[in-house]
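The following pair of complexes shares a single chain, chain A, combined with chain B in the former and chain C in the latter.
Let's look at the complex of A and B:
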């Protein structure tokens, strides 16, 4: 048991450790102003990301990210269930959805700023406007793919309304919904940073741009590393949640493969 | 009492019109176990879905205790052939059986009792916390039967429930259905394409013609109420009845009715 756990940790951490080592060695003698040695970057990390700065910049970013992501999930799943359930609604909505999905969300930032100002609301709206599409479209697919026999079974036992939504539609579509949410998570991080680069007075994106503009290059690099770490932690948390929510699905799939 | 009157179902497609069921009329008395047999593709499933209120007939009607069936009626449970697709894979066996009861607002204590009884009755006590896909095919179908039994329906519809399980499991499940029927006094309509199964299980066998479907013949199975796989199937009367049903089904496929066969069964 302990040996296999060690092996797994080794597999997970192996490549990142190697990459960092390469970075460290390759930049060790770097004279470039813009690519300082990793040694220098790491040495300023502690002084740059103090508790005070984590509270003042990282926390607001994280809160915007979570608010936007949660809102996008509620919106995407809600609309997705409606669109997926009714053929007429789908026929009307699908072309429009494809159009909006094709617009790169960063383009919308200046437009959204006109309506929503430059406060937290704007940033949350930017994140929602980008995250909602993969969740929405995957939910539509998931709801459409509900098994006919299972739907008949639910109907014959008079499982309708909220019970049908909860026990049949959402659970049956959950593998697709989770796939959409995973895509949306990386989009959310990107949009969080971008929205803070446009107009903000705090946040991770804002801080990184500030460092760059004031030629604090090693500090700028630490911001980028922190951003990477944040993404890594969030995706690990997501995977943990996914494994719990979709335990039945993975079990079902492996049972089907065996037979 | 379950009545089917002048039932007709036409599927309208793109430039295609398929008459699955032409004109079906029959009644099933409360407490009967009736088997429906017919050649494959004769609209058995269509008929069953119409009776279950899952499909609206094009013409005619289905009456349950005198009331027309317009949607899935209270007091009716369906067991589908595709057990793997009719159980909720994200729920444990217990939750699968309990969900319809919850929906029926059965009190929690009573629910627990019904679920335990039903699972014990189908020989699945001890599997409550397993997921359906952790069980074998035959056991999954037992869960589906337990769910139907716990629901305490007046009418139980079974749509080729054993078509996808192996022969030995099938024999066990047939005996299970007869045992449950005798114990619960429920009305059962059992659809199958297996002639032996129909004769072994039923008090009555309704034979359907090939599509477009009408009733080919209705036959009372005068075998003793106590049936077992070994003796009943070796019984001369059983052989005689199954031969008759077989001939009728063959005739149905050719689109005729053999009166010779009718005469022979009357002997």
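Let's look at the complex of A and C:
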């Protein structure tokens, strides 16, 4: 038992530790201006991101991200259920939606700046404008693929209105909705950074570009590492939530596989 | 997470579509309704600024966007920008696909390697590629290298993850049959593992193609590498609003074309595969 546990820990931590050590040792005497020693980066990490900056830059960024993502989810699922439920509406809307989805979201930043200026509202709208498409289109697909027998059963039991929405439509579309939300999460982080690089007076993207422009290279590296950590933490949180929400679905799939 | 590798792909129109494919007239009607939807969007954009509901300074009418686009299409500079964008997209995507497939098959085929790299992949994959923008600026300024760095980083993971899923999906019976017939490691990869992983590889390439375009345009927009993105940035700073909209439409059209092309290629190469066969037959 102990040996297998030890082996598992070794496998999980082995490569990251080796990579970290290689980075540390290889850059230890680095004279390169762009690649400072990892030791230096780590030593400035603390000063750079704790205290004032945590409140003034990291927190606003995170709030914009959450606001945009939540709004996009509500909009995407809401519209998706409507569009997915009516064949004609779907036929009218689908090419338009596919086109909007195909536009690389960052190019909408200049347009949204025209309408919404350069405040927090602009950043939230930018995030929404990029995140809503994968959620919307996946919801449409999920609602459309509701099992026919289940839909008929619900109808013959006179399950209608909110109960039908909650227990039939949203439930059976949830694997697709979660898949869309997973795609949207990485888009949300990208747009948060991009919108702050364009026009902002605070935030992670703004600060990192500021470091780069003033050639504060170790600080810039700490920003890159922090963004990486943010991406990792958010995706881990998402996976945790997904496993809880879709526990029934994963169970169903593995049961189907066994049979 | 591993259980729904293809759920994202499901939106891309895989699998027989209920309703639409039932008969000819329904399909024709769908097409007509779709065109009507697009026409309604164009008319809406024409009418909104003309009636003053939205200021024409923010949203120029369709006709002016179209005029700006027609103007652009006559300049060589415009086509060069499209060319630059496609070059960055294509080279970056090619590097990412080759690296993703080779590493994916290698890691997937060796269980120990797979176990040892899992945590590292899970850690590196969610790192947003835009985090690398400052580094790209310092290393390559606004050259092609910046674009490639971002494009390759973003699309590599899409391919790698799909290939890993695919390799996992190999039928154990087929694998053991190949073993008992004495097929060597290379032959097993070529005849058992690769065909099983193919549908996933193509899903990965399709996802990567879309992501690569996003990152190519983003790099041009933010860093100023030559291409459509840089032209949009110039149009924005010079307040040429119709031109800006026209260029955004062009990036959208490029995106649609890339999606369509990826799907056609996928269908051609996977014509033998169940998931596509079902659709073609229907």
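Things worth noting here:
The rule is simple: the second predicted complex is superposed on the first by the 243 of 259 C-alpha atoms of A that agree within 3 Å, B and C clash if a C-alpha of one lies under 4 Å from a C-alpha of the other, contacts with A are read in each partner's own complex, and residues count from 1 in each chain.
Quick note on the criterion: a residue touches a chain if its C-beta (ideal position, glycine included) is under 8 Å from a C-beta of that chain, and two chains touch if they have at least 3 such contacts.
All values reported here derive from a predicted model rather than from experimental measurement.
In the superposition on chain A, A:158 contacts chain B only, with no contact to chain C. Look at A:96: by the touch rule set out above, it reaches chain C but stays clear of chain B. Judged by the number of chain A residues each one touches, C leads among chain B and chain C. Of the two partner chains, chain C is the only one touched by A:137; chain B is not.
In the superposition on chain A, A:2 makes contact with neither chain B nor chain C.
For the contact definition in use here, the residues of chain A common to its chain B contact set and its chain C contact set are 249. Chain A makes touch with chain C in their complex at residues 11-16, 19, 34, 87-88, 91-96, 98-111, 113-115, 134, 137-138, 140-141, 144-145, 175-176, 178-180, 182-183, 186, 189-190, 193-194, 197-198, 205, 208-209, 211-212, 217, 220, 223-224, 227-228, 230-232, 234-235, 239, 242-243, 246, 249-250, 253-254. Interface residues of chain C, counted against chain A in their complex, comprise 1, 3-4, 7-8, 10-11, 18-20, 29-30, 33-38, 40-41, 57-58, 115-120, 122-135, 137-139, 210, 213-214, 217-218, 221-222, 229, 232-233, 235-236, 241, 244-245, 247-248, 251-256, 258-259.
Chain contact summary for the complex, chain A toward chain B: residues 147, 149-150, 152-153, 155-159, 163, 167-168, 171-172, 174, 248-249, 251-252, 255-256.
Touching chain A in their complex are the following residues of chain B: 49, 52-54, 72, 74, 76-78, 80, 82, 85-91, 99-100, 102-104, 131, 133-134, 147, 151.
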